[in-house]
Amino acid sequence: MDELLLDHLIMGFLAEDIGPGDITTDAVFGIDQQASAVLQAGEPLVAAGMALAAGRVFRVLNPSIAVEEPMEDGRRAEPGAVMLKLRGPVRDLLRGERVALNLAQRLCGIATLTRKYVDQVAGLNAQITDTRKTTPGLRMLEKYAVRVGGGRNHRFNLADGVLIKDNHIAACGTISAAVGRVRARAPHTVRIEVEAESLAQVRECLDSGVDIIMLDNMSLDEMRRVVKLVGGRARIEASGGITLENVRRVAETGVDMISIGALTHSYKALDISLEMEPVNPKS
Amino acid sequence: MDELLLDHLIMGFLAEDIGPGDITTDAVFGIDQQASAVLQAGEPLVAAGMALAAGRVFRVLNPSIAVEEPMEDGRRAEPGAVMLKLRGPVRDLLRGERVALNLAQRLCGIATLTRKYVDQVAGLNAQITDTRKTTPGLRMLEKYAVRVGGGRNHRFNLADGVLIKDNHIAACGTISAAVGRVRARAPHTVRIEVEAESLAQVRECLDSGVDIIMLDNMSLDEMRRVVKLVGGRARIEASGGITLENVRRVAETGVDMISIGALTHSYKALDISLEMEPVNPKS
Amino acid sequence: MDELLLDHLIMGFLAEDIGPGDITTDAVFGIDQQASAVLQAGEPLVAAGMALAAGRVFRVLNPSIAVEEPMEDGRRAEPGAVMLKLRGPVRDLLRGERVALNLAQRLCGIATLTRKYVDQVAGLNAQITDTRKTTPGLRMLEKYAVRVGGGRNHRFNLADGVLIKDNHIAACGTISAAVGRVRARAPHTVRIEVEAESLAQVRECLDSGVDIIMLDNMSLDEMRRVVKLVGGRARIEASGGITLENVRRVAETGVDMISIGALTHSYKALDISLEMEPVNPKS
Amino acid sequence: MDELLLDHLIMGFLAEDIGPGDITTDAVFGIDQQASAVLQAGEPLVAAGMALAAGRVFRVLNPSIAVEEPMEDGRRAEPGAVMLKLRGPVRDLLRGERVALNLAQRLCGIATLTRKYVDQVAGLNAQITDTRKTTPGLRMLEKYAVRVGGGRNHRFNLADGVLIKDNHIAACGTISAAVGRVRARAPHTVRIEVEAESLAQVRECLDSGVDIIMLDNMSLDEMRRVVKLVGGRARIEASGGITLENVRRVAETGVDMISIGALTHSYKALDISLEMEPVNPKS
Amino acid sequence: MDELLLDHLIMGFLAEDIGPGDITTDAVFGIDQQASAVLQAGEPLVAAGMALAAGRVFRVLNPSIAVEEPMEDGRRAEPGAVMLKLRGPVRDLLRGERVALNLAQRLCGIATLTRKYVDQVAGLNAQITDTRKTTPGLRMLEKYAVRVGGGRNHRFNLADGVLIKDNHIAACGTISAAVGRVRARAPHTVRIEVEAESLAQVRECLDSGVDIIMLDNMSLDEMRRVVKLVGGRARIEASGGITLENVRRVAETGVDMISIGALTHSYKALDISLEMEPVNPKS
Amino acid sequence: MDELLLDHLIMGFLAEDIGPGDITTDAVFGIDQQASAVLQAGEPLVAAGMALAAGRVFRVLNPSIAVEEPMEDGRRAEPGAVMLKLRGPVRDLLRGERVALNLAQRLCGIATLTRKYVDQVAGLNAQITDTRKTTPGLRMLEKYAVRVGGGRNHRFNLADGVLIKDNHIAACGTISAAVGRVRARAPHTVRIEVEAESLAQVRECLDSGVDIIMLDNMSLDEMRRVVKLVGGRARIEASGGITLENVRRVAETGVDMISIGALTHSYKALDISLEMEPVNPKS
């Protein structure tokens, strides 16, 4: 994850939440009052982004804030676990609180959900991957949380991976024509992936030498047949309709990857709170 | 919702998703090929942002795209319902698809969830309101969707509302001291809201003439006693632990507002897809 | 005042003044030459923003510059008084000079003018407030200076306060209809303010339960009658045609607030200069 | 004035004033309601920026707004004169009103003040010029208004003009050394200007072949002697302590330019208002 | 190439060149004077970016400028050939001239140079590709020009392709360890490329199943041996020390790609000029 | 060169090259692994921007990187010479490498080429100057490199210098009319330069009192006659068709300046590489 880009994002998030100033906090606290605080888990979760997201919010706000003992990415936390320690001006701790929590709760939500999917396919070959169904503006952070949860990333944007879909195929007439056009123009550094809806299309993919075949909403039975047909000549990505209930059965068909939009579009923000040590009345 | 700010956000979302260019689509489609497409509901939902968010994505991308018949905000859509019609260069329809869907699915998710809460308290006085627990970068849009769903907005940022919380009170010694400090500095255009954790604190609030009292995680019984004690001298906002199951019982206590973080932090992206009319092979 | 936003503003101001580089100073001084300088008052004034604005300009330009002993906000300075001490690379002191002075002179101008109005109403209930008639791009800083001078802030922007004016009323037919529409949509955290031009309209305001009534260009006599009529049921803001000469008479009518556009649109930049300790010729 | 830069500035000004949205207007007016409005002078003034600043604010906000009959830059307007006509969505007229007025009032203020100085020196050789004592963020617009008022512009920033001041001279030992260093590095396209505090320094300037000599706070008598001494070998700029009362006497000394910080740091925002034609109640 | 990003870049280029305004042109031409102009080739070249770069500069500057008959990308132009026709306000044609030419001359320079390399390897299998040795800020445009010239693009940035170099290998101990680490984390949509300096390393690459092997500065003889050894199991990219003189010999070794930094770091800006039809004196 | 603007540029360059993250390096190196590296010349060159450009890239990326012993601007380096020393996290050294080299190679290329032209005219009066034919986005840096190489800068943008060309003259009818219009509006701080194509036009320039006369593509003989005719009453700038071969002959005609577009549009990126000290395998 690129830190310069991250800081740029965080500045935007802080501007959104703070506006021209915190009129409550600025009235109550002097500019010099210091405090300590911790971020604390309120439910079981997989930690993600305590240093890189939550801690960084406070560092961007005020580099003099001490950000200590961030819980390591990927560690499981139980309710009550301290996930980050902070010390600095009260004003800045309160100004950064909401953005830090809004980020941390979502990233831990994604990592925790991803881990559940990853655990479901334990021992099998298939890898859990995300999609481009991310929250606008948060893709870099959300894909980071997927990695923390043990998942893998699909392409980041339309420029760093090829995915030939039904509309592209229709426009070219055949899969082979579409693959030809793309292969003649796309950087050689990216693989060619094609979405197939039938065994016939899978065969066309193989004939065209595609690198990855995405199976769109196929039945388990169809997937098994595809795996057999492909026989290792391309990677196979299952996609569509995957749930925690059926993911293991999908993995057992032998596909290489299972991409799941829900990792980033239907996670829950988990319970994390900022607890501040009481500040003495200003004398 | 401010359209200039909105367009600025959308440009950022598009940049994130497109990167330096769509290497698949650019290889397949000529710059002049035109197509039509619709956005279609895949499950029952409350429409939100079809014109202002989804449609605007395409207009920002290319002002020549025709964006027609957006489903009206707040209307209930059944599966298969057409929510927006588009016509323009294929390249731009495909480049905008993901961002438009990522936004539309989320905004409809929020409006739909909000509507469920609002329906639960039908006939009662209490209003459903959101919180600052929004997705970083999406607050303006998410709060818009809450309004579409029949909910009300809490403060947008730290500058446009006063909320005196436990840390502020502790720092000042008493609620009355905290209220005094804030009243002496905050713009007279905003109300003074204080978070109270006990009846004793509610009494302090009344003595200090606060405008709104937020009850933090009180029992139904406590809330009823507060409503009686306050007797209309301040507005009462219930907060914490609200679910679709208990929201009506909370409303029945007589509180004026019920604020629910889940509206914006735990909604589901709903199923909406872009269906493009097949494009003929380029001759 | 939000410091992240402030630094962003200052960077823009410096870019405007410096352009691609200071061709005079860069030719004369080596990159390592150090100097000391002070900001000095040239006329009696109320200090505002010496640390937050003037000092910050130099810190943004070069964090290694020592910025010391800023005169406290709100203190009265006599001609010759040292308001800020600086020490660092000559080049940076000269590059920052103009922006720092341009800001300091204006902020002190606002604070000094505000203080005059505030002093005029000493002992009375009325508070002096600003308006949205601020210099484009400087609102946050100008409203800060108003607070330093003892004034209060009206709403910061169109989103953080409700003000129903003649056009809104005309469009809705009656004040009560306008208030109803706004109350049904605006966040509950902001007060409802309505502009009234007659006693009849003041009565309508009271019937509609508005929180604040703005009296637009009323005579002293009308204001007195309004104060009596309202009897504490709403706050009253006098507006229009206020001068240093008549402000006390307006306050004596018993209004709660007096809003004055001149605080931010017709102040004078006061005389403050940067005096640098002579730098020895570079050997 | 560069229009791309101008639009960028205007977007920032609108964002500052509107924030996430106009909660009053959006509640009252439908998105389709249209209205007409005019900008009207409330006192005698010299028009400046009606098309380029005020009108452009509305065009940036919504390109479909009709902006017509802007009063020509430099024309004198009497109270009641219509300076600009607008027609478009009510919402956008109200959202743009404050920024347009805040700009127009200031620019007309500068043009009007500049004109007064220019009129004072009518028939004499001296030209009135501005300085870098402009409002941070508004320099391009303020210097434009100076030109409209008949004044001339001094350098725009530190990169597009050379001005060797006391600190530069002290650091180099002599004026001739300072001029030498600058001449060896600055682009040949800019003139060399030096600030002189005595006749001796003026002589040094002449010996060094400087193009412009700035006289800092000299008496009328000294200025006369300088004019005689220089005898056309360099241009002479008078600076410091210039008022409407003494400007003609300064001009009569024979100096070429008189630079006046007050043009941009101590002007008054003039009375201009937006009058909207009543909008019928929404049926 | 993404047009939103492109327009953003162009705005920055125009701001750099125009600054606060064109003081020569604004003094000479009225805002309404119209003119026609053409961009004309001054030497033989391959056209690139006449519509997307040069034409777009004028459209960004003023959407009312007519931009017609751009020479098609990839066409060879002879001296005197008209490459673009323009018609619009003289001021805007002159303000955009330099940026449009600076871009067009460079993009045509790249396309022309690329075409020379591509022509040298005509009939052979090898493809000419660019590198990340592009001009900071211009990568998207420069890589576009490479494609226009018949070349192919290597990765756009560090996120959309894997290239394991000597430092990565040294840090992991072996190529296989490095590949393993990267394969376990990088998106499955990108190929794995490894830089090899010897046949031993090429063998390690094959054993690790890498997709692309980059040969760094190998002799023709070594390359031939690598091609034989690899036998189609991976793609081979030749790199380092390629010139127009030796590129065909390199291609004849059988490598798949030849990457050439000079395409984007050592091209010449070609001679293109803007010829304006004389504008009549303003009466 | 303004460092704030420079840092802003560098952030954009880094964002372009890094994208959402370096997927190779992040997989291989831990966040804490440190390394040392040097930038090394690969061919004879004149150093430019080692501290201000290359070193600053790393400081912007991570302020904790030690940037030491930058080779002084203008020094001649032989192959193998160490030009900059770096020490810090391996990840950041590798992430910054390409941008730092892309800048350093270009700036040294410009300085080296400029020096060649400057050396050619050694002992003569003429100065070598650049033009506005710079790479879009890099003008500030490229003009800096020209100064490092011993050249002088022409105007930076259209606002900081006057250059009246054929189109301006045609539009005004005569040179004297054009000069008059410009002199009446342009800041007095900039010189008036006019492009002349014949001796007749040179005479007109002299009659109009222009400061600088640019000779466009004149023969050596014509230039000699112009020099004689002008006789010191204006500066003379030769322009067009200058090469390393003919520059001395042009200088010998007695012109004051020789402007050369090739300095910034046809330089070569010189060979500089980053050599990293081997990093031990991560245990």
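Chains: A, B, C, D, E and F, in written order; residue numbering restarts at 1 for each.
Note that a residue touches a chain if its C-beta (ideal position, glycine included) is under 8 Å from a C-beta of that chain, and two chains touch if they have at least 3 such contacts.
As the structure is a computational prediction, the values presented were derived from the model and not from experiment.
Participant: Spell out the chains that contact chain C while also contacting chain F.
Facilitator: A, D
Participant: Chains shared as neighbours by chain B and chain E?
Facilitator: Chains touching both chain B and chain E: A, D.
Participant: Using C-alpha centres only, name the chain that sits farthest from chain A.
Facilitator: In terms of C-alpha centroids, the chain at the greatest distance from chain A is D.
Participant: Counting shared numbers against all numbers at the contact of chain A and chain E, is it over half, same, or under half, different?
Facilitator: Looking at both copies, the contact residues mostly coincide.
Participant: Which pair in B-E, A-E or E-F has the same interface as C-F, with over half of the contact pairs matching by residue number?
Facilitator: B-E
Participant: Go through E-F and B-C and name the pair with more C-beta contacts between its chains.
Facilitator: E-F
Participant: Could you work out which chain's C-alpha centre is the most distant one from the centre of chain B?
Facilitator: F
Participant: Could you please state the distance in Å, as a whole number, between where the Cα atoms of chain D are centred and where those of chain F are centred?
Facilitator: Once rounded, the distance between the two centres reads 32 Å.
Participant: Suppose each chain is reduced to the average of its Cα coordinates; what separation in Å results between chain A and chain B?
Facilitator: Comparing mean C-alpha positions, chain B is 22 Å from chain A.
Participant: So what's the Cα centroid distance for chain B and chain F, whole Å?
Facilitator: Between these chains, centre-to-centre, one finds 51 Å.
Participant: Show the residues in chain D shared as contacts by 2 or more other chains, in ascending order.
Facilitator: As it turns out, chain D has residues touching two or more other chains at 2, 18-22, 26, 95, 139-140, 156, 159-160, 162-163, 185, 187, 190.
Participant: What is the complete set of touching chain pairs?
Facilitator: Touch list across chains, by label: A-B, A-C, A-E, A-F, B-C, B-D, B-E, C-D, C-F, D-E, D-F, E-F.
Participant: Under the touch definition given earlier, write down the residues of chain F that touch chain D in their complex.
Facilitator: Per the touch definition, chain F meets chain D at residues 2, 127, 129, 147, 152-156, 159-163, 185, 187-191, 193, 212, 235, 237, 256-257.
Participant: Given the complex with chain D, which residues does chain E contribute to the contact?
Facilitator: Residue positions touching the partner: 11, 14-15, 18-22, 26, 60-62, 95.
Participant: Where on chain D is chain C touching in the complex?
Facilitator: Touch residues, chain D against chain C: 9, 12-13, 16-29, 33, 90, 94-95, 98-99, 101-103, 105-106, 132-140, 156-160, 162-165, 167-168, 170-173, 177-178, 181-182, 184-187, 190, 261, 265-266, 268-269, 276, 278-282.
Participant: Please output the residues of chain C touching chain A within their complex, sorted ascending.
Facilitator: Contacts found on chain C: 1-5, 8, 139-140, 143, 156, 160.
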